[in-house]
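Dropping the structures in below, format is structure tokens.
Each of the two complexes below includes subunit A, the first together with subunit B, the second together with subunit C.
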Partner chain A sequence: MSTDQKQEQEFIQFRYPRQVPYQHSLGYQSKFANGLKQGRILATKCPVCGRCTIPPRIVCPFHHVKQTEWVDQGQRGRLVSAFKINFPMFDPRTRELQSWETPLVAVELEGGASMDGWCSELDTSKLKTGMLLEAVWRPEEERQGRGDDILHWKPVEE
Partner chain B sequence: MSHHLPEISDEPVIAEVIAHTNFLVSTGATGTRFLKEIRDNKKIMGLKCPGCSKVHVPPRLHCPTCFVKMTEWVELSGKGSLTSYTVVRYQEPYMPKEPPYAYGVIQMDGADTGLAHFLGEVDLDKIKIGMRLEPVFKEEREGSILDIDYFKPSS
Partner chain C sequence: MAERIAIVGVGQTIHKSRRPDVTTAELCAEAVEAALADAQMTMKDIDHVVLGSFEVADGYFNPDKWIIPEIGAVGKAGFEIQNVGTTGGVTAAASFNLAATGMFDAVLCLAWQKMDEAAGAFSRGGGGANEYWMGQFPMSPITNFARRAYSYIDRSGCTEEHIAMVRVKQDQCAMKNPCAQLRLGLTIEKVMNDVLLAWPIRRLHMCPTTAGAAAVIVCPEARAKKVTDKPVWVEDWFTCHQGGALTMAEDPTASTLRYACDVVYKRCGITNPLKEIQAWEVYEPASPAELRWMEEVGICDDYTAWKLFEQGKVGIDKEIPFNPSGGVTATNPIGCTPVVRLVEAALQVRGDAGEHQIPGKIERALATGYGGQGENVIMMLRKTA
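Then we have the complex of A and B:
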């Protein structure tokens, strides 16, 4: 088949635009979500190794025992790592373009657990491992018990 | 740090998420040929396997039993028999019709597989497996399996 004939060949295709509404219970993680609504970060703690986990989980992945204790992780933490994504990405929940100016950071909280978030300092050369960061929250009335209730992490002077 | 803070509720939280998708699906060379014949000629075509001689409607490129490529197109009358059906009596988003309506699997004369489609012009309480059916084509056809409006009972 010549190139011209190939171009003439019709292929039928169709589009499936869908907006699928899901509702699901957060189950055991509900307490974590309720904490976020009140501007607090809670983690589960393993009774054997004392490791704190965010997002919380019922069973410690290392010791296979039930984690019944919830520990408040405070509002501050140390920077573990930071990186920037150099291409546009969409938030699948909102379909909005995420800023790729904003670095992503991993933070080790005062309570011992680690979590990810955005950083308010856009210049990655100013971000140093071990520096102190503080959570900046969405206004309370806008919080929905989701990870993005924390808008970003802000470097603080020591 | 944690001792003087008030207790956080463990009241269950329901998360609500809307997943947006926008898939673009190609029907491929085989599907396109099938849909074009329906759109342009009101003809229902199947593909015959050179190995087991089964005629597949809707057509597929390879026989699922013999794993060989099928190239022999067979024209069918469109008339066939009902092998299975279900009546939908509830509403959900993206349903193609207002309930109540019926889906059927129609095995066409000369075909060895069934085609799923709507049943129309039929009393939903009087659908019987084995009943004879024929396709009703839409006036305006656009290259979709819905160019067949539904299958109706034939005499």
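Then we have the complex of A and C:
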């Protein structure tokens, strides 16, 4: 039967508010999460190419060797990209409202790894590729080893 | 030695935002019936089925258990696979692999997505290669392409207006495709004034959520020649996944499209893609992606595609017939979308695309599937064996 032959109101859509709780193991990434709690950004480093990775990886995806070295990436970095979303977003895992009113940035850290974060400068027209940014941390007692332990990245005068 | 293979039948539903009149299985049956009719075959002629859907967006687990009886394929060899946005691409590639073994006479490739049932699953994509880390940021297909577009504009000198030109071109194509979902009669002004989601991405720039299904029947050479006088040869195919090896924080434009195309072009002996490929159905989840993809498939130099739109060179009857169906920004039943690209590319090769048929002989057509943070599936179709 074609759609036209049927009247839409005859048909019922049944709503399921399904909830599935998960607990994912962080494994080797625990070291990274613990680092965040201490206000440090730690990245794994490939012994072959020297590439530092955030989030950390147990092997280098390009050389498939174990990355045993962890490198402190410092507190500053340069802006790779920035954008701002104009609608609220929720973390579908926790149903928490995510921080969406500040621009999202990718930062290349002093140690060479790149990571995502938020920026304290709300006017995206003032955000330029290559500008220097510094991490602003949540108070230590509030940190949970998550991305938002770094409240935002603040532009630094050069 | 692998058998040469050909597509002998294609089918798709008319894509809509909502289909409360059918279940997922009924929707699939529509596409299967269309493909069988196109091939002048019945389900009796099919000896292997490959099903694909992005399960999280269906909310059904093992939906094949439900769909197999509905399409009349009980007792046949078959399985279901998924790979996010490229699901349809890997479903097609698996079907090609099976047909090329010569073990099966006719393989049915079916993919679907009924996004009116769980579109919320796409409010954000997040997790990807690392659920712990990426899941914390408000990431979604929208932000993925906002980030790509930011870097594209930063590096190329293109403006928001050029991105609007891409959207208008897509819409002009979709207006000629009766299966397309969004057929809106857009103007540059309309697009530029649309709701801003994440600069420079406006609502109209993002692919919609679609209820749709598509199916393709693939046969080895000997069988294909018996079934149809218009076989569409599958010259080559390649699935390429980077699995977030290179994060988008490192390179916001990271994608495997260029790499995957280079592999296929080399194997097919293609040195001038724009000259040797006459039809393109390249999975562009957002208007600005089309600019970068045109460069990555080898149509033009890096960061120059926007100039081709400025010069009015892109369109069904233009120098560059890119996405004549209206593409993914017009129609996106996500897990099925790469099979829609394949169906459209096959119709172009056959000369059966109707009002959105590209004029002239189509010797080669390229269809792709895109997913996640830069995975790509390449499918090269050919008219002559």
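Note that the second predicted complex is superposed on the first by the 127 of 158 C-alpha atoms of A that agree within 3 Å, B and C clash if a C-alpha of one lies under 4 Å from a C-alpha of the other, contacts with A are read in each partner's own complex, and residues count from 1 in each chain.
Definition applied: a residue touches a chain if its C-beta (ideal position, glycine included) is under 8 Å from a C-beta of that chain, and two chains touch if they have at least 3 such contacts.
Predicted, not measured: the structure shown is a model, and the values here were computed from it.
With both structures placed on the common chain, the touch criterion links A:Gly74 to subunit B but leaves subunit C unconnected.
By the touch criterion defined above, A:Pro17 reaches subunit B but does not reach subunit C.
Legend: residue contacts after superposition of the two complexes on their common chain; A:Phe83 is shown touching subunit C, with no touch to subunit B.
Of the two partner chains placed by the overlay, neither subunit B nor subunit C lies in contact with A:Lys126.
With both structures placed on the common chain, the touch criterion links A:Leu26 to subunit B and to subunit C. Touch criterion met: A:Leu104 reaches subunit C, while subunit B stays clear of it. Once the two complexes are laid over each other on the shared chain, residue contacts for A:Met115 go to subunit C alone; subunit B is not touched. When the two structures are aligned on the shared chain, A:Gln38 is found in touch with subunit B, with no touch to subunit C.
Touched by subunit B in one complex and by subunit C in the other are residues 10-13, 16, 18, 24, 26, 29, 33, 92-93, 146 of subunit A. Contacts from subunit C toward subunit A in the complex involve residues 16, 19-22, 59, 116-117, 123-124, 126, 130-140, 142-143, 146-147, 150-151, 154, 195-199, 242-243, 245-250, 252. The residues of subunit B lying in touch with subunit A in their complex are 1-2, 5, 8-29, 31-32, 35-36, 93-94, 143-144. In the complex of the two chains, the subunit A residues touching subunit C come out as 1, 3, 6, 8, 10-13, 16, 18, 24, 26, 29, 33, 53-55, 61-62, 80-87, 89-93, 98-100, 104, 106-108, 114-116, 124, 129, 146-148. By the touch criterion stated above, subunit A contacts subunit B in their complex at residues 9-27, 29-31, 33-35, 38, 40, 42, 70-72, 74, 92-93, 95, 110-111, 145-146.
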